[in-house]
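Each of the next two complexes has chain A plus one more chain, namely chain B in the first and chain C in the second.
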Partner chain A sequence: MNASLLLLADSRLPAGGHAHSGGAERAVATGAVRDEHDLAAFLHGRLTTTGRVAASLAAASCALATTLLPDATPAGGPASGGGEAGWTALDAEADARTASPAQRAAARTQGRLLLRVARRIWPSPVLDGLALAVPSPHHPVALGAVAAVAGCPPRDAALAAAYHSVTGPATAAVRLLGLDPVAVHRLLATLSDTLDAIAGTAAASPHPDPTPPEGSPSEAPDVWAALPAHAAPALDLLAEQHVRATTRLFVS
Partner chain B sequence: MGTDHADHHHAPDGHGRALRLGIGGPVGSGKTALVAALCRTLGPSMRLGVVTNDIYTTEDADFLRRAGVLDPARIVAVETGCCPHTAIRDDIAANIDAVETLEERFGPLDLVIVESGGDNLTATFSRGLADKQIFVLDVSGGDKVPRKGGPGVTSADLLVVNKTDLAPMVGADLTVMSRDAAAVRDGKPVLFTSIREDRGAHTVADWVTGMVHDWRHVHATPETPHATLHP
Partner chain C sequence: MTTPPPPATPRAAHPPATPGPATTPPDTHRTALPHSAAVHLATAPQPSDARRGAVARGPGGRRAMTAHAAIAAEMGGRGRVVLSTLRSAPPLTLRQTGPERVHLVATAAGPLGGDRLRLDVRVGPGARLEVASVASTLVLPGRGESVMVVEAHVEAGGRLVFTPEPTVLAAGCRHRMVVRLTLAAGASAVWREEIVFGRYGEAPGRCHSRFDAVHDGRPLLRQEFVVGDPAVDGSPAVYGDARCVGSVLFAGDEPRPLAAEVGEGRAVLPLAGPGTLVSALAPDAVRLRERLALPAPDGP
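Right, the complex of A and B next:
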């Protein structure tokens, strides 16, 4: 594991994540989550649906970014980082896996903010290229690219994405319900094996061939169509209810 | 917001952009009233944008929009996830995003005001978000507050003590507040206001105008000419 992963996964990374609850605020408001027991089910459900998809997208993004790194290309890499068609295609795959417009907006906001801070922390033509192609990418797409630039392999990017999918809601539930923070962290610890398994599977997901045959449309590989697409209709509904709520503490 | 294709993820550098003014202070001290007053007084001569950080609703943004002091599109609300101080100090990403979105849509601007959610005496703005900051207290919070200090009171570029009209009713001694504030602020300015009586908060507006002039003098670029001010 690359130490940069710790910075990327840290909730103190100043990329706006603290203001998102991943549906937890609306779940609390509607009474779906009232205690630790409910939260455990909520987090497990979120991790194995949205979290799994995010992990796969992050791994795919990390793999794509790695092929675009200056030392990965023969001529030292294109000045702009390149990869425009690839970024656009991968971001479209993320859109296709995010049914709720509110969730799309939240994912894009978090992606844009992460990309902005990462471009100051780890400046790279690869991130410039992503920002040029997709100024507000889905969060997992941004996370994967940033992970690659920071020196992490796809598995680490997937792990960070899966971890991110549960820590935000868990922290939000502590704030909203006054749950015992230690009990909630114990809950997160019980998800470790699942997190590892999801990251491992995500890293084994289909990735673009870094050395495609001449003339092939290598930047928008069809293999991404086979990335996981687990749906979580309840989370979609919570997200849509949340943006329509008159009072809210969290963006999503 | 910010979903257009302009690539504005640059490192912070004041050149060619508006002065960013943070306004913080405890709940109910008059932050939103001050923002409205500044818009009222400065609006005719400056190009403004406002970002609000509401705690639980879009009440502040709605109040400002209803007040008719500024084009509603120039007022953007940011949610802070239970932690108003985090959004202005530790993780300023959403606020920076909102400020840059305003500059992108309406720029060049002369002044962007970022109003924090009501918080405690330790809440201050990161220098990465606000170039200058005002901390707003009110006399009904008790005349001991300036003496208690805290980063907001001691370090803000301007301390505003609002609701002076209430001083006789709550038994607050303005002389004590003035003396204590001077003692903990190391010479930085303090202004006493009653925005209820002076709806333009003119003394504060004059201070802000001076800050905008100074900012422009140092940071103006030929590419981003500023409007002529008529203070």
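Right, the complex of A and C next:
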């Protein structure tokens, strides 16, 4: 594991993650999550659906970014950065897996903020290229690219994405329900095997050749098409209810 | 060897004469199937006689089946739609029930474990086709996993309405559903999918469904539903206390843009690409259908 992963996964990274509850606030408001037991089920379900998809996208993004890093470019080859067609295609794969407009907006807001701070922390033409191709990428796409630039392999990017999918809601629930923070961290600890398994599977997915075939730059490679797409219909409903709510503590 | 080798392409036997006005012309149409990385279980070499395909005998009292049915609609002369292919393959039996409508009639119980079923649908340029089913599909256990693959292509100006009755997951079933919907630029489709978690009072078997819709070469909607893991099914993030999940996709050039909306157990979700998804959760199939309906009088 690269130490940069700790920085990336740290909730103190000033990338705005604390403003999002990942549906937890609305789940609490509607009574779907009332206690620690409900929260455990909420987090487990979120991790195995949305978290799995985010992990796979982050691993794919990290693999793509790694091929674009300056030292991955053959001498005399094209300037590093770029990868526009790849970024656009991968981001479109994230869009196709996020039916809820509210969730797409939340993912893009978090992706834009992460990319902005990361370009100052780990300046790289790869991140410049991503920002140029997709100014507000889905969070897992941004996270994967940033992880690669910070020196992390796809598995670490996947782990950070999966972890991010549960820690935000867990922290939010502590604040919203006044739960015992230690008990909630114990819940997170029980998810670590699942986190590892999801990250391992995500990183083992085949990743495409970074150069798409000539003449079809808009078509995502088949390996991206086959990435997991687990839906969480209740989260979609919660997200759409939340953006319409008049009183809310969290953005999502 | 007196037995001829299986044909190189998957091919099911022609069914016995299908009642109704449909004609089954020689099988001139063969859909080109893109080979994505998604599962292609049903494209494995098949025996020449679909009903002789496998040996496992399930609780339904029949053997596992391998079947490959196909429908193709084209524009004929005088602006009429012609079904150039209507190939049943038991248990997938097809009946033409209107000028542009085909009903799927299950002629055997199931699917049950071990079944490998596939339906190809092709709507040619400017043509219209509606596919429905006469009854819900009850997925039963058997030997191994049952697989249902639907591969649909809609050409420019074509419109496909695919609204079968729900799939009900009986206890102990292991089912895999794969839908690949490919729309050309200028094509449109309405696609309904409803999954019911077991018969009344019954815990569901396992199901993994994957839906991939691609419009003009770009991914429009990819979603998987996994049912049958109690730790996930009951999660307030996934299905909560619902017993049914469903969605209706309006894809491509639909005349009515739908505004985002959220109500009891349902949401109208405008997609990033050209399409809208109505997504719903419900305690039973009747309420699921109500929640998937649009307020407009011409809803699905």
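Assorted remarks:
Convention: the second predicted complex is superposed on the first by the 235 of 252 C-alpha atoms of A that agree within 3 Å, B and C clash if a C-alpha of one lies under 4 Å from a C-alpha of the other, contacts with A are read in each partner's own complex, and residues count from 1 in each chain.
Heads up, the rule we're going with is that contacts are C-beta pairs under 8 Å (C-beta built on N, C-alpha and C of every residue); 3 or more make two chains touch, one makes a residue touch a chain.
Computed from a predicted structure; not experimentally measured.
Set against each other, chain B and chain C touch different numbers of residues in chain A, with C touching more. Contacts of A:1 after superposition on the shared chain: neither chain B nor chain C is touched. When both complexes are overlaid on chain A, the residue A:119 reaches chain B alone and has no touch with chain C. Shared-chain residue A:197: touches no atom of chain B or chain C. Using the contact criterion defined above for the overlaid structures, shared-chain residue A:12 touches chain B, although it does not reach chain C. In the superposition on chain A, A:244 contacts chain C only, with no contact to chain B. In the superposed model, A:183 makes contact with neither chain B nor chain C. No residue of chain A contacts both chain B in one complex and chain C in the other. Chain B meets chain A in the complex at residues 2-7, 9, 11, 55-57, 78-83, 86-87, 90-94, 96-97. Residues of chain A that touch chain B in their complex: 12-21, 108-109, 112-113, 115-117, 119-120, 128, 131-132, 135-136, 172, 175-176, 246-251.
Of all residues in chain C, only 35-38, 210, 212-214, 217-226, 231-232, 234-240, 242, 245, 247, 260, 262, 265-267, 269-273, 277, 279-281 touch chain A in the complex they form. Taken in their complex, chain A has these residues touching chain C: 23, 27, 32-33, 38, 41-46, 48-50, 92-93, 95-101, 104, 206, 216, 218-220, 222-223, 225-226, 228-238, 240-241, 244.
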